[in-house]
Amino acid sequence: MEQQIPSFLLRNDLSVLLDLLVADGYQLHGPQVRDGAITYASISSLSDLPVGYQDQQKPGHYQLAEDHNKRFFHWANGPQALKPLLYPAREVLWQAKRNASGSIQFIVPVQSFEKIAVIGVKACDIAALKLQDQHFLQGEYVDPGYQARREGLLLVAVNCSYAASTCFCVSTGDGPSVESGFDIALTELDEGFLVAAGSEKGERFLTRLPLQNATAQQLDAATQQHETVAAMQTRRLEPIAVGQLNDAREHPQWQDIAERCLACGNCTMVCPTCFCHHQNDELVMKGDESQHIREWDSCFGESHGQLAGFQVRDTIKARYQQWMIHKLDSWQEQYGRSGCTGCGRCMSWCPAEIDFVAEANIIGGADE
Amino acid sequence: MDRKVTLAVHKFSSCDGCQLALLNMGTTLVELAERVEVKHFAEAGVLEEDAQVDVALVEGSVVTAADEQRIQRVRNNSKYLITMGACATSGGIQALKNLAEDPESWTAQIYPQPEFIDSLERSSAIKAYVEVDFELWGCPINSQQITAVVTQLLSGVVPWDDREKLCIECKRRGHVCTLITQDAPCMGPVTRNGCGALCPAFGRACYGCYGDASLPNHSGLAVRFNGLGLLPKQVEQRFTLIHPDPDARLPIGNSDKQRHREGQADE
Amino acid sequence: MNKFAQSNFQVPLSATVEAFIQESPSIFTLRLQLCDSTARDEYSFMPGQFNMLYLYGIGEVPISIVSDPVDSTLIDHTIRVVGRVTEGLAKLKVGDEVGIRGPFGRGWPLALARDKDLLIVTGGLGCAPVVAAINFALNRRAHYENIHIVQGVKHSDDLIWREQYDRWNQMNGVEVLLAADAAGPAWPFHTGQITELLDQVTLSDDSCLVLICGPEGMMKAAAEKLIDDGISPFSIYVSLERNMQCAVGHCGHCQMGPDFLCKDGPVFVYPDVRHRLMQEGI
Amino acid sequence: MSKRKITIDVPSLARVEGEGALHLKIEQGALQYLQFKIYEPPRFFEKFLEGRHYTEVPDVVARICGICPVAYQVSAVNALESLFEVELTPWIKQMRRLLYCGEWIQSHSLHVHLLALPDYFAEDSVLGLAAKYPEEVKRGFAIQEAGNRLIKFLGGRSVHPVGLQVGGFHKAPSREAAAELLEYIELVLPDAVAMAEWVAAVPLPDDQQDFNAVALTCEDYPFEAGRLKSDSGLDLAENQYEDHFKEQQSPHSTALWSLLEGDDYLVGPLARLNLNVESLPPFLSELLAKLGNPFPSCNMFHSMLARAVEVCFALYQSAEILKQYQMPDSPSVPVNVKPGIGCGWSEAPRGLLWHRYEVDKNGTILAAKIVPPTSQNQARIEKDLTQSLQKFGFDRPDQELRLHSEKVIRNYDPCISCATHFLSLTTERSS
């Protein structure tokens, strides 16, 4: 759809948008402060949003600080993107029931998929969502659960006005402002929001908002803000050519990382594009019913490379290589671009304080 | 072969907490008794200590000379022996005395007449004495672990041994990391999953009650703990609370060869 | 792609064990029939494709289909007991039920072998995917020129289907060569590496198709040897193995470099995977 | 009277927590020798605590006993909080009580259904009982589950829960979780009353004993706090305990016993109910009246009914607390470490549990002492057995004597694992 000139919405009128979404049958999801981090969960009003909070991040650290700026979205990100919403960490794919005569029946549990509107989605996470769409929806096989949830999703994106020290979306080309893939995009200014629609669905809501024409000053401020945030990002992931990391498997830095890496899988769990999962059965004691469960898994885990009597990757080094080479290198062959959208989560949530970007730059040869 | 699979529950030195995974099962316990014949389970009132059974569940560690002999009998009487919990699997919290410089003196400090006390110098895991077919880690184990192990054995299959890291489960459940946000010395990165990441759910650091996960990088985590301001002795104490016995630890880079053992309860 | 697999790919269908054939102490064949008659009629597969077999309450494992696609109502799987699920499958009896999802993956490109020599190289203990290809080719004998079957085993005692090899060997234009790395005294065949056997095979360089299945090291050695002997790498196909959970390229476990073995393979033309075989950690 | 000479040896007691044994020797119809043995080996918990930080104490002491970990945790934090002069918020106090309710419900219903009741229906175990009384046993499991859920609510799991800390709790559960739990508690409260009625209808031996009941008392029924009272007129605070109660290793039984001024005494549900029967809420007083209120009672066999009544009370109490549940500003209060000695106690399901810790200025534990209920009842159990068996008659067949002894012992619900951080076996062992 055509790019249109944004309009302006007063700060407190954001609640009108929320009301409209609710009236349209959407459940609201949005950022909020929980247990010392900004997490997405259901919200009921603007007061649930993390006003006046800001995240301070560096490898292995995430702290919320009170911010004098009373904006709703003046922060970078929290431990999870949209992934848990569309691709739950644990779900029952089907149940098997066995009757006394031994015959097995397979039952897919009936689920109702709610329509969900997410408020405050960041550019890096939209980029990640596109990659997950590609993986679960655009290949030969379409994941039915993902598809059903995805169809009911409405995205209200926010252009970042702040970047944490771990952010590097500029260098991956995914942020700090959104370009496509959203229904509504907001640019938060002190007194309100510039609002733009990114889809017809989004447009339908805009027509019902008390919008004003954006002033030239406001448009300037938005441009200025974009540039300031981009400039805030000192971290850069240098470009990696296809095959470049895979060819560097002998680089001594891998072993250096392996001494520090705990192979705990946290990076893969917070990564918004990681898709690995395993499937397990859970029998009830009576034995007449079993749940077939699908759960997030990680290439740092044991079952990922396990074959009968043979472990494909039995060292931390080999597992770290799988993670980084897949994400930054072979991903490009699989999906036409790297699997990294610059959100920085794998660094902040790494208990060993490993700096993924710095390590990739070293192995990729950028730092030499 | 329509004979019911037989089961015995034996107790060695322990707090009884793991047996509660059975006794707290409620109606599932009755369902269990419908599928297997419980031959010995003193706490539940079934007594036939020397019965031959297909499956023996063993709680507790070996700490007396009499225990040493009894565990041999248990092994000889059972086809498939499963340890329940930290005590049986690694020696448990009471193996803290294995780290003591002079454990003998402890008896004297507590008992006016230490000569009456029969206690070996070490608290040992069951596997230090007899071959163990399957281990249930955790202090305590939970009812789901029992259900999983029993139903898989009844299906004629070796139980699945999940040695994944706690962090993975913690993230699946959407808990906010205590190490990253609170600088809490969380053991999750080296601890095996099984509890469902309980401590982080309560906003506190894991203290490692499920023991080592596969590929544990202890020294790597210790570096982080040092960085949080813990002194070397405190780091050591953190790593040696529930599974103190060094023999029970998994080495870094353990490549999981030979994870499956021969033999199991025949249907 | 198979219509049936697309619509039901996450959920198995129940199937009955029609026959249980013990091939050796640790190898058995399950002959399965889908319970639902519509599904049975719609089901079709190609040699080299695999099913996810579900053992009730325990889990699924990828297993190749070895029977001939001409009759897709009876689906044979030859399975070696190596771990939990396969051990459980080995305890099934005729009349028991299992779950089937499939067929998945890309099989052997047998259409390319038409009017050519076919060389089938297999190592390890009875490699099921190539048995499917052998049966397929023998049942359509006129479509191919000479058929060479080269089988290597670690120890002579590991060889199964000896009578079958004898029977094949007696067929017109079929040559069977066997080798064992180590052999007992009564072993009438070659003792040594499978690559040594390949010297005994005469192929027409530009009109042959080679199918290889076995341990990665053996596949690499055999393929490189054939290339040295002048066979085009593009005529060589290999079947690979990794952990598989979903079988449709979603779960990520079967990645080998950029490939998802379940959907991009398990059969690959050799140059596509040449540099990855035996690469550590990949 | 028969002239036979018998030795009864019950090498392994069924349906008690932990492993214990009983030896008795009767000659010419007279008891020569009676020994209630606990052969659980020592686990040295007090020593493990030395040199550890006080914040680790709750996780360590919980592991003394898997059946009453909450009691250990609460007594420990009580001791440390009293030393550090921590002022708890009303929310924390309420939640401590709620957590404790969970443990009583869990432990008592386990005792009633799995350990005690099979005796009165000539069954060896709950499995047999379940076949005869499926609905009643199912009801019992549902009540037990209420206890488990209460502990899980505040501690994640019912054995060695992880929610408690010195100074409060690690996290406050959500209001939704509280509402869901309340619904379940209210559902099973009537079940518990029915269970109490069922238990009251069981014909029990009348076995009057002369004992000195010792228990905490407070305005409400005592769980997590109170002053110590006794039939003999004691009225003590935590730090006065050691002035009156002494542990000794008795040469004939080779085990440490706790004695009150040199004599045996009773702790546990019967002692507690006897001393606190006045503070029960009206609905329970009415229920008791309907059942012909025997309390205060000197019949040890009323212990099972006392447990049933306490289950009802704990469920009622939990419901009251949960109805008021609010999210606190903070689930804990700051703790300022002070060196010194702190004592604390609480009413474990099996009775009084006393702790004492000596702490240095960094919060490191220098010394610890723990006196669990089972060691306090140990002397009482032997005395009871002696009297009760005398009355029962030594001329009964062995099997009957054995069963009766077990019943007597089970009245105390001895938790042997608890006892064994200081109790042990003689070197000679019978089998």
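Here the chain labels run A, B, C and D in written order, and each chain numbers its own residues starting at 1.
Assume contacts are C-beta pairs under 8 Å (C-beta built on N, C-alpha and C of every residue); 3 or more make two chains touch, one makes a residue touch a chain.
Keep in mind that what you see is a predicted model, and the values were worked out from it rather than measured.
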Which chain would you call central, comparing Cα centres to the global Cα centre?
B
Report the chain whose mean Cα position is at the greatest distance from that of subunit C.
D
Using the average of all C-alpha atoms in each chain as its centre, how far is it in Å between subunit A and subunit B?
37
Where the centres are mean C-alpha positions, what is the separation of subunit B from subunit C, in Å?
42
Between the Cα centroids of subunit A and subunit D the separation in whole angstrom comes to 50
Between subunit B and subunit D, what is the separation of their C-alpha centroids in Å?
25
Which subunit D residues touch at least two other chains?
none
Shared interface positions of subunit B, touching two or more other chains
151-152, 155, 160, 203
Residues of subunit A that touch at least two other chains are 280, 283, 287, 297, 303, 306, 309, 315, 319
Listing of all chain pairs that touch each other, if any do
A-B, A-C, B-C, B-D
Could you please specify the touching residues of subunit D with respect to subunit B in the complex?
12-19, 40-44, 46-48, 51-53, 56, 59-60, 63-67, 69, 106, 110, 114-115, 118, 123-127, 130, 137-138, 141-142, 144-145, 148, 155-160, 162-163, 165, 169-171, 248-249, 251, 254, 256, 415, 417, 420, 422, 424-427, 429
List the residues on subunit C that touch subunit A in their complex, please.
1, 6, 9-14, 35, 54, 56-60, 82-83, 86, 95-99, 241-243, 245-246, 248-253, 255, 257-258, 260, 263, 279-282
Complex contacts: residues of subunit B adjacent to subunit C
151-152, 155-158, 160, 260, 267
Touching subunit C in the complex: which residues of subunit A?
93-94, 96, 98, 102-106, 108, 135-136, 139-141, 143-144, 246, 249, 274-281, 283, 287, 290, 297, 299, 303-309, 312-313, 315, 317-319, 321-322, 326, 330-331, 333-334
Residue positions on subunit C within touch of subunit B in the complex are 55-59, 83-85, 87-88, 91
